[in-house]
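Chain nomenclature is as follows: A, B and C, assigned in order of appearance, with residue numbering initiated at 1 for each chain independently.
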Amino acid sequence: MATHEITVTVNGTPHRAEVESRLLLVHFIRDELRLTGTHIGCDTTHCGACTVLLDGEPVKSCTLLAVQADGGSITTVEGLARDGTLHPIQEGFWQEHGLQCGYCTPGMMMTSHALLQRNPQPSEEEIRRAISGNLCRCTGYVNIVKAVQYAAEKMAQPVTTQGL
Amino acid sequence: MIPARFDYEAPATLDEAIGLLQRHGDQAKVLSGGQSLLPLLKLRLSSVGMLVDLGHIPGLSYIEEEGGFLRIGGATRECELERSELIRTRYPLLTDTTLVIADPLVRNRATVGGNLAHADPANDHPATMLALGAEIVARGPKGKRTIPIDQFFRGPFETALEPDEILIEIRIPTPPARSGGSYLKLERKVGDYATVAVAAQVMLDAGGSIQAARIGLTSVAETPVRAEKAEAFLRGKRTAANILAEAGRLAAEAASPTADWKGSVEYKRDMVRVLTTRALAKAIERAGGK
Amino acid sequence: MAPKTSADVCGMGHSMKRKEDPRFLQGQGRYVDDLQLPGMLYMDIVRSPLAHARITAINTEAALKVPGVLAVITGKTLEQFNLHWMPTLMSDTQMVLPTDKVMYQAQEVAAVIATSRYAAADGVEAVDVDYDPLPVVVNPFMALEEDAPVLRTDKKDRKDNRIFHWEVGDREGTATLLAQSDVVVKQRIYIPRIHVASIETCGCVADFDKVQGKLTVYMTTQAPHAVRTVVALVAGHVGLSEEKIRIISPDIGGGFGGKVPVYPGYVIAIAASVVTGKPIKWMEDRMENLQADSFARDYHISAELGARRDGTMTALRIKTVADHGYTDAACNPSKFPAGLFSICTGSYRMQKAFAEVDAAYTNKPPGGIAYRCSFRVTEAVHAIERMTDVLALELGMDPAELRLKNFIPAEKFPYKSILGWEYDSGDYASALQKAMELIDYKALRKEQAEKRARGELMGIGISSFTEVVGAGPSKDFDILGLKMFDSAEIRIHPTGKATARFGTKSQGQGHETTYAQIVAEELGIPAAHVQVEEGDTDTAPYGLGTYASRSTPTAGAAATMAARKIRDKAKKIAAHLLEVSEDDLEWEVGKFFVKGAPQKAKTIQEIAFAAYTNHPQGLEAGLEAVHYYDPPNLTFPFGSYICVVDIDRETGEVKIRRFVAVDDCGNVINPMVVEGQIHGGLTQGMAPALMEEIQYDASGNIRGGSFIDYLVPTAVETPRWETARTVTPSPHHPLGAKGVGESATVGAPPAIANAVVDALAHLGVRHIDIPITPEKVWNLLKEKEAGVVPEFRERRRRPRPVPVGSL
């Protein structure tokens, strides 16, 4: 079939839509759902500006069809903060000046967030390898590493408020 | 970056998937991880009439040892290979390989079966599977069949799979004790395809000499290549530096790379020599040798 | 230097967390592609696969049948409105859409308007264009030969492909002094084409309101006002009038100079919107961006540096062939066709110098100015810093020692260079010495000697650069006649908060924070209470935009001057409130107080309130000022970088082990922001040094036209940069600040190139062109092993033939 009905949960909210088979997930998120925090930066699956979490794993949403996400659960940058409170990852990027133009930032944060879920105390080398699918032209990565380290430390402290 | 129109199905069983492949013939393509196919569709370098998504078929993703073999389900994602303690400790050649495929995000979707079935001469798993002496299990309308890896790769983007067959499993004979492997890839940056890459798997005898070696080369020809002369040379030899150097030289002769922006023919051949020597040394070290 | 203001006020010197971040962190940035307007249509572009060809037919029938496709615009369509050609920012001409021939691969040929992105893409595939290939010229040397085919056949009186010949300095004097010098080293240096590749590509949403006759264009532009004026001039005849044109530059995902030019896509979208009365969105994809948008560099340099036997530099002579692509769209200030290349004497006392640049048309996309180059300063600095090391090698002198010997001494500033610049301030020796100390230079040289004895390759490279930024004084600087002042308009509200608007446009440089800090510094209003706005030509004062590191030198100064004007008026109001004369008042950050009676004071907030509720008679109400700042000179940031590399002898791979960057940008507004600029600039300096390159084969096919082969570094290739600072304020800038955005892209490539050559120098290597790929190093090592010592020889730059048909 050339169109399909899909149900995708995005940031906790289920969405039903009829989409073309060829609709890229990133276009579904940006153009249909109007969640424009996820960005497009290339056409060869290199830059990672489109990174979202699909069932908890960071993936490049430009190299996925919306139909492939049917029944799945997506988290975008808009789903990081809770009730107006920034996620430690967002806090880390702010504190450590881990962003300049902000365009690669949502993708960077989704990847970093997923890293910390899996590896709460990553080394600098592990951080750099984890974000090697996300390109940045502004920051030179130094402060992005620091931002992730900041978040790791914050999340290691006993907290009263919930992270993600 | 927008694909042309195509139809799409997400069958619930393997039989349904095979039925779709039969029905749509050369208009059908299998969608596994999609990290090679979708980029081609987005650039309209490839087209498809019916995309058959294996993503909802259960039982195609597993990593287990059984009956003297490591069995990997065709839809197993690269990231699962990466995280598998079993693979890291007992098949480190596979861990080496998966870690240099594309980037971590792509690896969260890309599948081992897809990497093999797509058969881009620059893909990494093919050479490694050659070095491991793997077998491919395919399922078609007539049932299952096993294809030895040496017969699997036919040409660039061409395998022994029939159009209505799906790669469902990779079987790797569990290497005996005193075995080790290593994959070394020369790439210009993370996420690049190999300039060249070498997979080496060795087995040492009780005395520490090389009982057997298998060497697979990536990006040096239209298919992955086994450096057979180098393998033959190594048999029975001690693991001295000059031996490994000679093996490197012989492996370089087995390579027929094309010149492109990644390097001239001479440079690529010489890199096969260098990487082979280094991969062998690492494999021997992992095998417990010197 | 400790900040003068408290953390609450947060003036200069504070590492204030950025005010713009909250929206970016929460995915609420507003980039051009985020916009959706009611009734919006989508535009996609048909591009030429050939580098030079006559268009014999454009068949649109099939495209018009594609569901959702509404129209196909061609050159013929635009010709009716005389919009098929338009001026470039260098007063050359460029095609919007061709009516006769295409002149570079990926050139715009037609545009499809459709109801959706996907339909537009389908439409583009369905447009069928017939081409008659023409001879392709990709080698600029060949383009400049007598018998070369004339490319710009649209210019009736054109007899060749030479765009311009530019020269500066004393030709005869330099020749004589070189001839008299004890030592002259000569080297060919090619700086290849590269591309900014900001993560956001270029695009716009053009929205023409037929009823009001008003055009609004949301555009990825670094210079919205200049664009508005250009559109008014170019399209005035179709009814667009400047007061009814609004350019909005919203959030921009990186500019680096690549978003300065007015691309054909913008103009076609504007035309389409005017004709349809609907909003038209055009957003290019990455391959279009790399293949058609403004490139950077592509300078073929031949340099000679003379010196006395004791290492004192005497004279510098440079001859350059510049490959501009098919038109001159370089965006330099108009009197500087080769940009600020005459900074090429660098940080050194040169007695004589002469530089000439011959620019050629070729069948390639136009551009030249982009990628954080400060108008060709990257090229100039690469040349002088490479030549300094070539000289050091020739003399057998340590390259640090050679530099220290020749630096313009700190006490000689302001320094008039032999090529006419007045360097405002500098202390080069301190910066270099600091870098040497931080990296422990002596220990490194010792380590290198030990490693060399063992056959290991390790190199140390230095770059001591002088930048020239902040264009520029009106007597010399203009773009298309528009003088290069910049502006700030500050308004203080009754409750003591402020709104400040500027003629510049940040693409990530943090202006919403740094400009607020300037206002805080000058007026004592907390930076958190200063709302900074840029980019909307309906509200922002006229400015020339942000590129070439000019914002702090020009608009930052304008903000200071405007704030001081406000302070002058505030004093009058304070005097009125305190019932004293102005002479009895003193200013302390945030308040005026009576001399000798500090408890009698009025805060700026109280004064602001009074400006609207109790202003002195005879004085206007309100508290605001606007200032158009005409800088008296450029500013000269500088620095010394030291890079340590280890080279894998067998593979040729170069690994940067350490990189210390000591930068001096005068007084610093926000140290955290400055450091971030350096990190980013170093990464964009390393990239062309080691991996980035765009090439063309003899048929004009691009190599490096996608991220598959255009290699942008990831966090794995990028080292952990080490940064430090010296502070030598600019004497003429009201804040003593200089600007810093591009220093690192300027200084880093030669540091890296010098390090690699240094690692191989003992084998007889004295130069290597960037990008320094592993294969290049491997080739050099092979040559050395074979005993071949390549002498300097005149060599044509013929492109290497590569197989066509790859991605």
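One rule holds in what follows: a residue touches a chain if its C-beta (ideal position, glycine included) is under 8 Å from a C-beta of that chain, and two chains touch if they have at least 3 such contacts.
Treat the numbers as computed from the prediction; the structure is a model and nothing was measured.
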Most centrally placed chain, judged by C-alpha centres: C
Winner on C-beta contact pairs when A-C is weighed against B-C: A-C
Geometric centre distance via CA averages, subunit C-subunit A, whole Å: 30
Geometric centre distance via CA averages, subunit C-subunit B, whole Å: 44
Per-residue overlap in subunit C, given as positions that touch at least 2 other chains: 117-118, 285-286, 708, 714, 716, 807
Contacts with 2+ other chains: residues of subunit A: 20, 22, 40, 43-44, 46, 129, 132-134
Shared-contact residues (touching 2 or more other chains) in subunit B: 1-2, 4-5, 43, 103, 190-191
Footprint of subunit C on subunit A - complex, ascending: 20, 22-23, 27, 30-31, 34-44, 46-47, 49, 76-78, 80-81, 86, 90, 93-95, 97, 99-106, 109, 124, 127-129, 131-145
In the complex, subunit C residues that touch subunit B: 117-118, 121-122, 125, 285-286, 650-651, 653, 691, 695, 703-704, 708-709, 711, 713-714, 716-717, 773-775, 778-779, 802-803, 806-807
Sites on subunit B touched by subunit A in the complex: 1-10, 31, 34-35, 38-39, 41-43, 51, 53, 55, 79, 102-106, 108-109, 190-191
Sites on subunit A touched by subunit B in the complex: 1-2, 4, 20-22, 24, 40, 43-46, 48, 51, 57-60, 62-65, 67-68, 70, 111, 129-130, 132-134
Subunit B to subunit C touching residues, read off their complex: 1-2, 4-5, 43-45, 103, 186, 188-193, 258-264, 267, 270-271, 274
